[in-house]
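The structures considered in this document are given below.
Two complexes come next, and they have one chain in common, chain A, joined by chain B in the first and chain C in the second.
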Partner chain A sequence: MDRRRFLTVLGATGGAAAAASACDIGPEPTEHLVPYVVPPENQVPGIATYYATTCRECAAGCGLHAKVREGRVIKLEGNPESPINQGRLCSRGQAALQGLYNPDRVTDPMARGANGQWQKLTWDDAVGRLQAQVKQARGKGIAFVTGLESGSFGELVDAWMKEIGGRHVTYEPFAFEALREGNRIAFGTAAIPSYDFASARYILSFGADFMETWLSPVGYQNAFTRAHAFEAGRDGSMAKFVYVGPRLSLTGMSADEWIVPKPGTEFMLALAMASVILTERLAPPPPDALRLQHLLPGPERIAGSVGVEAGKIQRLARDFAASKGGLAVAGGIAAQYGSGALLVAAANVLNYVAGQVGKTVKFGPNHALEAAGSFKHLADLVADMRAEKISLLLVHGANPGHSLPAAFSEALGHVGYKVSLASYWHETAAAADLVLPDFHPLEQWNDSRPQAGVYALQQPVMQPVFPNTRHAGDVLLQVAGKSGGFKDYLQTRWRALHVRYGHGRSFEDFWNDALQHGGIYSEAPAQTVRLGPEISRLMGGAADTSLQLTTLIVFPSVALHDGRGAKSFPIRSRKSPGTAGWRCIPTPRPSGSSPTATSYSSSRPMERCVRPSGSRRVSARTSSRSPRGRDTRRTADMRRTDPSMPSSS
Partner chain B sequence: MTKRSGNVGAGVAIALLIALPAAAQTGQSAPGYKAPVISDTGRLKGPRQPIFFRHDIHVGQDQIPCLYCHNTVTISSEPGIPALQTCFGCHQLIGGSTPSHQAEIKKVREAFLTKKQPEWVRVHALPGFVHFPHQRHIKVLGTDACVTCHGDVRTMPQVYQFATLKMGWCVNCHVQRNVSRDCTLCHY
Partner chain C sequence: MSPDPADFGGRAFVVSVTVTKTGDHRSLATLEGDPRELGEDIVRALPLTQAAALKVGQHPFREEVVPGTAKGALEGWAEAQRQRANLDYYAGAHPRWGMAIDLAKCTGCSACVTACYAENNIATVGEDLILRRRQMAWMRIERYWRSAADGSGLHVAVTPMLCQQCTLAPCEPVCPVFAAYHTPDGLNGQVYNRCVGTRYCSNNCPYKVRHFNWYDYAEPGGEWESWPDPLNMLLNPDVTVREKGVMEKCTFCVQRIRGAQNQARLEDRNVRDGDITPSCAQACPSEAIVFGDLHDPTSRVARLARDPRGYHVLEELNTQPAITYLARVVHDGGA
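Up next is the complex of A and B:
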């Protein structure tokens, strides 16, 4: 008798009766043993098998070890060999399984019929329809929107779009545009460098939530933990962490000191600190930085606008330089105003004058997000869609219908034919004409390059949960009339890596070795950067102290990320840290309704708060009563325009 | 053995015999046991199975080792229910000597070819709060020790539950052999 059955009996007969007659409740229900027809390879019943693969829940690209029992993946952990996450994994990565087994997944190819009703298609029919649409749309505007695909799938899309005269737009809601633009202003390169938190002795974060969503949070958390701890073999002190930003996020809560400047003026604080370091010669200045000395604003000049006393700024600057291991990072909520790129550039200048660029800030092993498309490409696409210049739009691995303003959803209406290669019925899939169910990342072959020198492989860790789904790569190859599947395509590309990293082994040995370790981990050569020509722009920005009266602060959710976490129920019911008891409440699907996009829209990807820029203290409670409205409205729109969503069964 | 594979060409049979279990390959007649002809299956002990698989013929008469089919018993907590592929490995050649055998073997072949697995009725089941790692017991007692808990399956036309599998029965053996009776040994 198991516990559940005991409780059932207990409930039916009352405790005493059940305890007295526990032996009289009859035999156990008959169990059945279902044998395999053909036993799966490498599987021993009762013993777990582990496969190395890569997490695709965000663009960080952490290495995974998937625990598989009886052909079913049951647990994910970080791959200790991966330099990205060093064996750690965040809650969103852990919850990837919830996405895999999600009952709301798209199970069959679907097309919207003439009456707006969804109908199931066979794969032959679906591929045939797509081929016909591609043929028809040639020369009339074809666009393919994907998430960040830094590996073979991205190249396949690029190649195919080139062939049929379309364009490929990569879209990540957290694309860190300000970061790239700031690096371009400061150093003339739009790359995202590697930040060495582990060896930093003084960490200064200007709004960058590097423990939540900023770039590669798992790796940074791990490195920060090491820097912020007493460790044998190091001088007796632990690194100091100062957080600068208007909202005390999870990252901010881990700091030793919290500085609250007026929102939008963080860059002035960074410049003033750089000025102190240069004028007081706290670090040997790089020769090309000396010309900045008279351009940078001193702490006295900006103290009023920033709202931090000049003495405090001087102290921060002296500590930063004296630590000989300063690391200033900027991003997140502090980089989303008009001055966002300036802030990143200013933090770079601070690192540069302290002599830390090349030490704690390393250009060379750059982050993959440098390849993400810019919002300008996306805005151009939306404008073209609205002008009816796009007759075929394909979307894969992104949900712009949810994470972009309503302008995108409106513009969708002007597109001739919309195809969504999706795993879930999200907003974009719901607005499409043809939905092709894609494999979950744990079911597919793929690769990515999360950081220069790191080639992470994805391999299927189990058979597809829903047998009538297909890898988007296989579908594209078929539509493009190419022979072979996506695995062959991937291996062809890896033959080039075999030449570089094979060390004389056969390709099979090299490939199996890479699969076993989750990819190839090599060191990317370091690049030296010098201040770029546009650095004077920064000084111009510093002079402009006109600020808006009210600042909108939108901060990403550690659990839901850009909204993609909403498909997983444990993630939706997870406490959101740093929101003072207020958080988004998961809304269960109304009973009896079909799995529609509305169930995903109800949890918002971002939590918003507004506060006047002049106020000194953040009060999450009062500010949190701010607009919930827009998403809800969009949800309502979606419900109106799509009355007939299919049931996935 | 030779009799039951009579409907197959002898040359083909010899060529393919390599795939068959060791005891079956020797073609020797079972020394001590001849499986009876069963006319009334209703009187047999144990639950009725979707296919009338006779352990007494396979293990008793043909002397196929238990591990030929339950081949993960020495390495895993689970002994392993043989995949249909294992059945088909022999029964693509062996068609059965009597009409009733032939009918049952036909079911196996159809199940394999149509990929519709039979749902065996579980005979030996433990509650979810008890762990019984087969491999440790086999390691200590040897690969012939299956009979200790499962009874002499070699003479069972239809398998039935031989031991009570209750805790007292487990502990009794642990006491006799002077091995640990720690609660968390099994309840973890």
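Up next is the complex of A and C:
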């Protein structure tokens, strides 16, 4: 960074980001080079200022305190007031700053010219082009793919798509479809309940990596420790934790017992345990569960297929029921077999017959991921793209070009015009026709509802690192011809909350209070659930679905998540205890597919982890070594080394 | 893997495969099984019934490191040392910063490691240097496989390892230029400006928690630059960026200690228990790490240091670490 830019950031932030609640942060950078002649409000040199905001590294939505020194955010800590993470933060959250200050950020609006070369645009030009494309594409198929946006931004996209006749597809690589479908089969609701690990006395995980990537890992780990830690004098002292799955994950490493059934047969184990609990009347059975008694397979019947002795299954079932605080969780991304939904339904049955639904499994404070789209929605979209039914595709907050099968990248070729509202030069952006640089979540206004009853706010904690980037929300409002910025839109939405949670205060007071605390935290009312009608039909059809040959199970990395962690150096330098490789292939790209777009991660030293071995980039990388064996691309940003990328800066 | 969605609308991430040899060999840049790790017996474990039966004052792990005959002589020597050391600002009552790490809570998630990177401007060195074991992390998670007493089952024991801030630190007396020195509040300080890079301290450290800067990781545009522009904006202004040829190590987040002390002075009070939280302790999702003043008998860390489960790593070396580990507790029959 040159001196001029440093001072710009310094001066600009003082006034704007520091007065987080009061000032509007426009896209235009303030160009004062003498920062402290007029001392910025709320800021003393050498003293840190903290702002509450929300982490967007995964869908959990942990509360953050951002530590800001002289206008730069330098550290993220958990927000102790947030009920999601209790002031704690995981590796990925800690490393979010690496994304904010990443050299691979998109700095200016770019468009692909006639010869395929990237050219820089002014914002007026870029917005004009998008408006023209929208006008042209009306009625010919418009689609907007976003990540999970459970707040105002999602509503804005919904409203806009409705207006121009497009469709909004939300895409999370880990959308927990099996979990939702399994809950629908068992209880008739596709909601994702809140799991109370803290009060559980016997935790049974069927492949759910709840300390890594499963729903809300920080909060769950915190609660798990409360149950599983040793405390002298506490009755019963330590909860027991049994991990069932083919791979001993980081979560499984904390287990007291590891059970390895044949891959794909976990659901039978859960059903057999439920059967033991029912037939031996180990817990008072809920009346509607009795009809299952004769449908559930007994342990002797399935022991052979599962590969676990019947005696062991009986012991597990008896311990589970006797603990009077059993909690079975299942169907994490790590156990997504074709029978994934069945496994979740089976674990639900186990919780239900043990009388734990309503106790350790609480419907009501449901997880936001219930609103995420599914892979099927996206596959439908890909089919439409291929059939040339989509003439304008907008992508924001997701990188399907990386995390989807190559079919997506191929289908992109059939789309008339592709717009990426991206912060980084990732595969999807590189394959677009127009790239509009978006703010990093730490630079923008936004909100989300990570859990029913929790309204988490995001506020800019500093001036944009790259002054010519813009909030996607502002851009959309402008393209849609609406007045005002996204912050106004957000506040309009929050006026409804003000009515409910304002307690007679003025909106200004209510808003500032919410900003200061990171949002509004309220209790969601509990819901009662009963077994759904589909469950007995399903039990009848429980067939042997164990997989043949050698089974390859692709699991998400605790460090890299769906691949978005790859932009962070410390994340790559931390080890994943228990895995042999430093960074296994974290993203579910089928081997043999040849990625058409170039990854921002490919310029980084550890691309092997992000790419399946054998892709062309590995060999390219070897040839870029200097005679001393040093990887010349280690620190160089991709624009210098990769001719396919624009030289924008 | 099928590109089509499974019945439940999602993707099945599991597929049957056959495995063939390619003949291709490559090194895995892993930090697992690092030579710096000390061996399995640094993670102590207690069966649940035994742990629950422990009474206050019992110390099953405390080793009698000094034979009875030498006790008198050693105590006399220690007293003489104490008197000699009570000079200048070393005299008087000082805090003794200490830490307690509960291994019954630690899950090995490594949030502490990343938090330490973020707080202390630690360089990331990249794959090639990791292969050459030149990682800079001040804190590491050590992972040990073990089985139950009857040989059954596969269990895992994890432990964070960082500078133990020894009272009798082996790193200090070997430094020819007094770069490694003892602060009045018991920290093993490292004066980067004095360090000439002999690496004697690291050789003498039994815990292997000192890290040497083999290259200039902070040089803008340099060969090994760790924070290419604008990543350098995330550097913590309270912490030095170290240069080539300098040894570095965990400081117990001394910038946070001094910050809290300054704040207390401004408010005309003493530092209270809980005022200071090092970065690792603040991040830990399991709340396994507790920091504070060991000289204050009411502090949380002092109470935990007296816990019957407490032990020091390599206690037999008489380094008297400031970090007390609380033994893992396993269900009976586990490991």
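Rule of thumb we're sticking to: the second predicted complex is superposed on the first by the 527 of 649 C-alpha atoms of A that agree within 3 Å, B and C clash if a C-alpha of one lies under 4 Å from a C-alpha of the other, contacts with A are read in each partner's own complex, and residues count from 1 in each chain.
As a convention for this text, contacts are C-beta pairs under 8 Å (C-beta built on N, C-alpha and C of every residue); 3 or more make two chains touch, one makes a residue touch a chain.
Computed from a predicted model, the values in this text were never measured in an experiment.
Of the two partner chains placed around the shared chain by superposition, chain C is the only one that A:Thr551 touches, whereas chain B remains out of contact.
In the superposition on chain A, A:Val465 makes contact with chain C only, while chain B stays out of contact range.
In the superposed pair of complexes, A:Ala283 makes contact with neither chain B nor chain C. Contacts of A:Pro103 after superposition: chain C is touched, whereas chain B is not reached.
Of the two partner chains placed by superposition, only chain B is touched by A:Val44; chain C is not.
Annotation for chain A, partner touching more residues between chain B and chain C: C. Looking at chain A, you'll find residues 1 touch chain B in one structure and chain C in the other. Interface of chain A with chain C (complex): residues 1, 5-6, 9, 69-70, 72-78, 85, 87-91, 94-95, 97-98, 100-103, 175-178, 180-182, 211-212, 217-218, 221-222, 224-225, 228-230, 232, 237-238, 240, 248, 250-251, 253-254, 256-258, 263-264, 333-334, 336-338, 340-341, 374-377, 379, 405, 407, 465, 547-555, 558-559, 569-583, 588, 590, 605-606, 608, 613, 629-631, 634-637. Chain contact summary for the complex, chain B toward chain A: residues 47, 72, 75-78, 80-85, 111-112, 115, 117-122, 125, 127-129. Residue ranges on chain A touching chain B, taken from their complex, read 1-3, 28, 30-39, 44-47. Across the interface of their complex, chain A is touched by residues 1, 3-19, 24, 26, 28-32, 48, 51-52, 54, 102, 104-105, 107-111, 113-115, 117-119, 122, 124-128, 130, 135, 137, 140-141, 143, 153-156, 158, 222-226, 228-237, 279, 282-288, 307-309, 329-331, 334 of chain C.
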